[in-house]
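One structure is given here, and the rest of the page talks about it.
The letters A, B, C, D and E name the chains in turn, as written, and every chain counts its residues from 1.
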């Protein structure tokens, strides 16, 4: 949450369209994978050098998918996007990894940027993935090398998945977005488990740490929501807007991903309401606990304080205290004390404190 | 709430349109019921084998209603939907029982999926029901075999209910949806009873469990709301959108169901506000209770502590304590004590604590 | 709130359009009043038997207003509505007294249903009133016989109120709705009085009952809001929608009722905010009260506990306690005690507790 | 807030369009001021008798502004509005001083009603001002005689303010509305001062009255908001709607007043958020104060109670208590007491209570 | 927040369009900088005297950018705006530095006013910047001389930044707005740091000051939000509205700034939710702390009060107290005391208080 703004600040003062990578620095060079496929053919080239990937003998007819893992080599990105005639602002947005998920239409392509949720060291972080969808090509830019797209790549290689090979880059992009949205549900499951755990904890045995745990989960949810929430608008735009870059065939599928996103947001909202209700339960339970503590204190004190007072009176050293030399004085006083205690008990019983 | 995400996770990595049943596994095979009716004729076939149901002599003119109870046989669903030329995504949605209620228009049919609320072992669960409305057929898919549709079946069989037999599959679908929405009110009644009970409890005799009970009801309401809330949009779409699959005649009735849904949502919102107001009353009542406990403690303590102090002073073993040998010393001290107690009482009276 | 759902449940399983009265059973038969008026003529027939009311010699030219008080005779309603060719769903809505206020347009009439607020035994209840507005007739259905419409009837009878007699049934309906909306303000006044009373009570002398009283008013307001809120949409629709059943002349007046409804809703929202602010004041005042109680306890205890401790020390029975036989020992100890008390007092003064 | 509803109730049962003054009764008769101006001429007549004001020699060409101060003479208002052919509902709205600010278009005029905020005896009240804008006239109705419009009158009289004299009644109305909206900022300043004062008070030295003061300001703000909030819609309508009664020239100025209203509403919302944040600070500060009180009590009690217990033990009158006749018994016990106190102190230090 | 209203009040009573500077008075005279540029040429004149700046030999073809730092010389502003034929209301808005950010279209120019956030003496203040965009000129008015625009000026001077020199005044304005919006992120970083600090503080070691610090940050955020929030609407209007003053080329860039603003607002909303969650954590932690204090008090008191009572009983001076002369009486009593303490400990252990 904070890191994002700090990264944003790096860019202040730079001219718009200046490509600046705002993510974490990494030593590993980015990997470019060029996949060229049609219903009949499939070629795949993977290299860290872009010249090799686009050697004259590599580019063929059909759909071209260029995937880049790692954005730390600005020159490479510039070279690639120049080849496809991409607007400088788009290049800037790809490299500025603190972008809000959005879709932008340009004359010759559609630009989409969104977030992948990654669990790193017991905390979620978001990593950016951007897509550029052209007439016969799809460029995808991943901030981090994940295994998310491996599945699609495997399916592309095999000839059996007819649809994927037959349809154009719009369907491929849909499949990649679908994979990312499906992955959100894995994140929601982790959150759901955490919430279920704290729920049990708060119902059965609230500790002084419970409020902090609720806060921790809320904070995580804010991050997740920031990633998922704009997806709704983004996918609604993709699935309903009029543009000739996405086929009717793919649009039906995009509507499906849209539905999933709405479902994910619904779950987040439900989680949120549950957490805030839990906090109420927690607060009432610690107040109840205090009531119980106070009751114990009050009962013990109000029984023994009058007894002590009475005993102290008969412990005074006055020469003339009536009853001190009475044979049954001691018994009488003890009896009075018992009576006081008994009356107090009755009072507490009546008040339903015991 | 949590189960739903977990079921959703089962599907991660699968290609879209892959039919996967995400509900509970059951050993009972699904039952297919094919009903064929017109104003004059009525045929009914029920079997677990789809081939028997669609034997050449079974299909006739008029409206065909195919109802499936149980979704655990993926092959059966695939065979049936193939027969009616249903889009793979729709088949996936039917089998993925954690769908959000929605309506989708396809070229040759209308797809609707919604939720039935079922009380199982003191807790609500939602079961999915989907409809596919074609020109002269209606397919309905139930996750669980309920008795909800029995009533409609009986009415179809009898010749007296002219409207049901005369009108097409759109009116039949309306009747089924109407039955489901009517059933929501039974659920709301259960919730209403629970709320009335906790209301009485909180007004008359709040216990430390009250907050937890409120939380429990809130959690149930979240589930119910998740099922009912999207129905509003769904029915509004059905009742007002322009499409030639639903007749004007039926649309008037759909508007009526829409009104019922809005009424149900209204009641849910009212319940919600009442519960949150009750929590405020509860919190103030436990703070009030603490005040009362503290008052008791304070009154007893402030009366007897000074008396004890005075008595202790005259219990000291100094050789020269003036008054110890005075005849009325003891009486004087006792009188002072009484005076202190009396003044304290006056002070508490003034403060309106007693 | 709860009753409404229970009544709703009565209807489950019945076919749509089945007229079922869901209100309270009453023994008194419904009264039908047929009024027939034009600028020059006025006829009025009142009877419990519909045949008498619609005897051939009764129906004349001009505007006909049929008013029914009491909905407990389903057959009567059915006979009347059949005469005017009313849709079965409308008849069902008239008899189902737990309808949400709404307006529905049909080919040959406009159907409006709304709520009257009635104070019964220290609590509000809502009673349903429905209107069917046709070309030259107005049917009005009242769940309960109220005196609300008497005023209009008197005005109709007298020839002086030209407008009412000159204009058609749309203006008559406006007048009846206007009367109902005006009556809401009487309800708001009762609520306002209750809020003013609890406000004074909370500012001057909050008791442990205050939170419960606030809750009681909130609950009443929920009921009132449920009746008034949908009126806004209803009247906005009536006053702005294009339909030839309501004249331009009447529309201006309907806009006026619309404004009144908005004003009523505004007041309800203001009441709501005031009540929730009052609860905050109340909660802080009971916490403040606890602070005061605790302060008293703390001051008394911290002054006398050290004194008691000191006195107890000199009350020990050791043979060698220095100072016991010192002539001014007693005075010195008493002085020390005074000093301790004085220091404590200074400390509390410094802490601004006294 | 409450008064408004009570005044509203006065009207129940009256026919719509019946002019009834719902404001406070005053003995002072209303003052009618007729101003007639063009770029070259200026005539002003002021009287309590309408006939004098509209004497034949008084009405001339150019723009006529009729201002009425005081609405308590219903006959006067009726006479005036009849002269300008005003709809009875408008007359009713002018006299019903509890109207919600609104704008209404009629065939021959535009009707606007809004609120002036007046500080009376340490509390705000709202007074109604209504405008009727015709082709060449402006009627303004003030519930109370204020000095708000004096400024404009002075400017009209002087020939130097060309714009005011040159433009028609729409510009004059704009100037009057502008004056009223500007006056809202004076009210906001008063509220701002009160908020600043309570803010300082709560940060530096919260008392038990603070919550009540916050409530008082909130209540005032509700009243102010009720007056200002509808102005936004009203002015937006005036400044953007298509009608030929307001010139393009004046519309630019109306947009400016609209901006001011939005700014005023922004400030109110900010105030609201500040007040609710302050309440949180206040509640946490009184809880903190309780913590401090409890800490003092606990520290004193836990140090001296064990000492008293120990001293009491050695004060028992058993014949055989070991150590009583030991020379250093007393010193040893005193030492033990010191040790107990010291350990307790260490524990509190460790707990960071002292 | 308060200052703004006070400044606004200064204007009450003045005629609209009267230019009045409402900001802080400063002795430094405003500096006018006239920059004239085209792809090939660049001229820059800077002076406090407007006549010098607009000397006949200074004005040339291409784009003219007039920047004014300091608004305290009303005459200068009037002279400049007269030269460009600016509407008096616009001049008033430029000088009234408490304007809400807005965009207004006039026939011959576009007027935009927005806020710069400046950290002065540990608190944020907003300073106003206004733009007037004409066909071939841009006027910019800064309330304070900041270094914000220096960067752009340097870039204009150098010939290398082709785009800036080639495009018209709309692109220049975009660059200036972009600089301002980028600067918001620096402010957000400061806020983010403060929130991170208080977050750590509240999780690790909440003090009685924490609530006040949260309040302080909330108050700052209200100011920041007031500046940024209207920017969303403003930029959305600029980037999507149809007008021929902004080229298609620039519009793409404006959409980018719009995205940044939405991102900034998102961050603010996230901050807000975090702060309110933190307050919940804080409140629960001080209640927990009280519980702990009360537990200590209760444990110590309930152990030693019964012991003291028992000891007092055996300290009474009755002549006949059984057991006093028993050899093991003392031991037996001590043992009883130990047993009482032990039982109490067991009870607390069972209650999980220790």
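In this text, contacts are C-beta pairs under 8 Å (C-beta built on N, C-alpha and C of every residue); 3 or more make two chains touch, one makes a residue touch a chain.
Not measured: the values here are computed from a predicted model.
Colleague: Interface overlap for subunit D and subunit E, more than half of numbers shared or less than half: same or different?
Modeller: Subunit D and subunit E contact each other through largely non-matching residue numbers.
Colleague: What rotation angle takes the CA atoms of subunit A onto those of subunit C? Round to the nearest 5 degrees.
Modeller: 145
Colleague: Centroid of subunit B to centroid of subunit C, CA atoms only: how many Å?
Modeller: Whole-Å distance between the two chain centres: 26.
Colleague: Can you check how far apart subunit A and subunit D are, centre to centre, with Cα atoms defining each centre and the answer in Å?
Modeller: Spacing between the chain centres: roughly 42 Å.
Colleague: For subunit B, what residues touch not just one other chain but two or more?
Modeller: 283, 287, 290, 292, 294, 297, 301, 305, 308, 312, 315-317, 321 - these are the residues of subunit B that touch more than one other chain.
Colleague: Can you list the residues on subunit C that touch subunit D in the complex?
Modeller: Within the complex, subunit C contacts subunit D at residues 151, 155, 161, 175, 178-179, 182-183, 185-186, 188-189, 192-193, 195-196, 203, 252-253, 255-256, 259, 262-263, 266-267, 270, 273-274, 277-278, 280-281, 283-285, 287-288, 290-292, 294-295, 297-298, 301-302, 305-306, 308-309, 312-313, 315-322, 351, 353.
Colleague: Okay, in this complex, where on subunit B does subunit A touch?
Modeller: For this pair, the touching residues of subunit B are 1-2, 4-6, 8-9, 11-13, 15-16, 87, 89, 93, 98-100, 102, 104, 106, 208, 210-212, 214-215, 218-219, 222, 226, 279, 282-283, 286-287, 289-290, 292-294, 296-297, 300-301, 304-305, 307-308, 311-312, 314-317, 321, 323-325, 327, 329-330, 333-334, 337.
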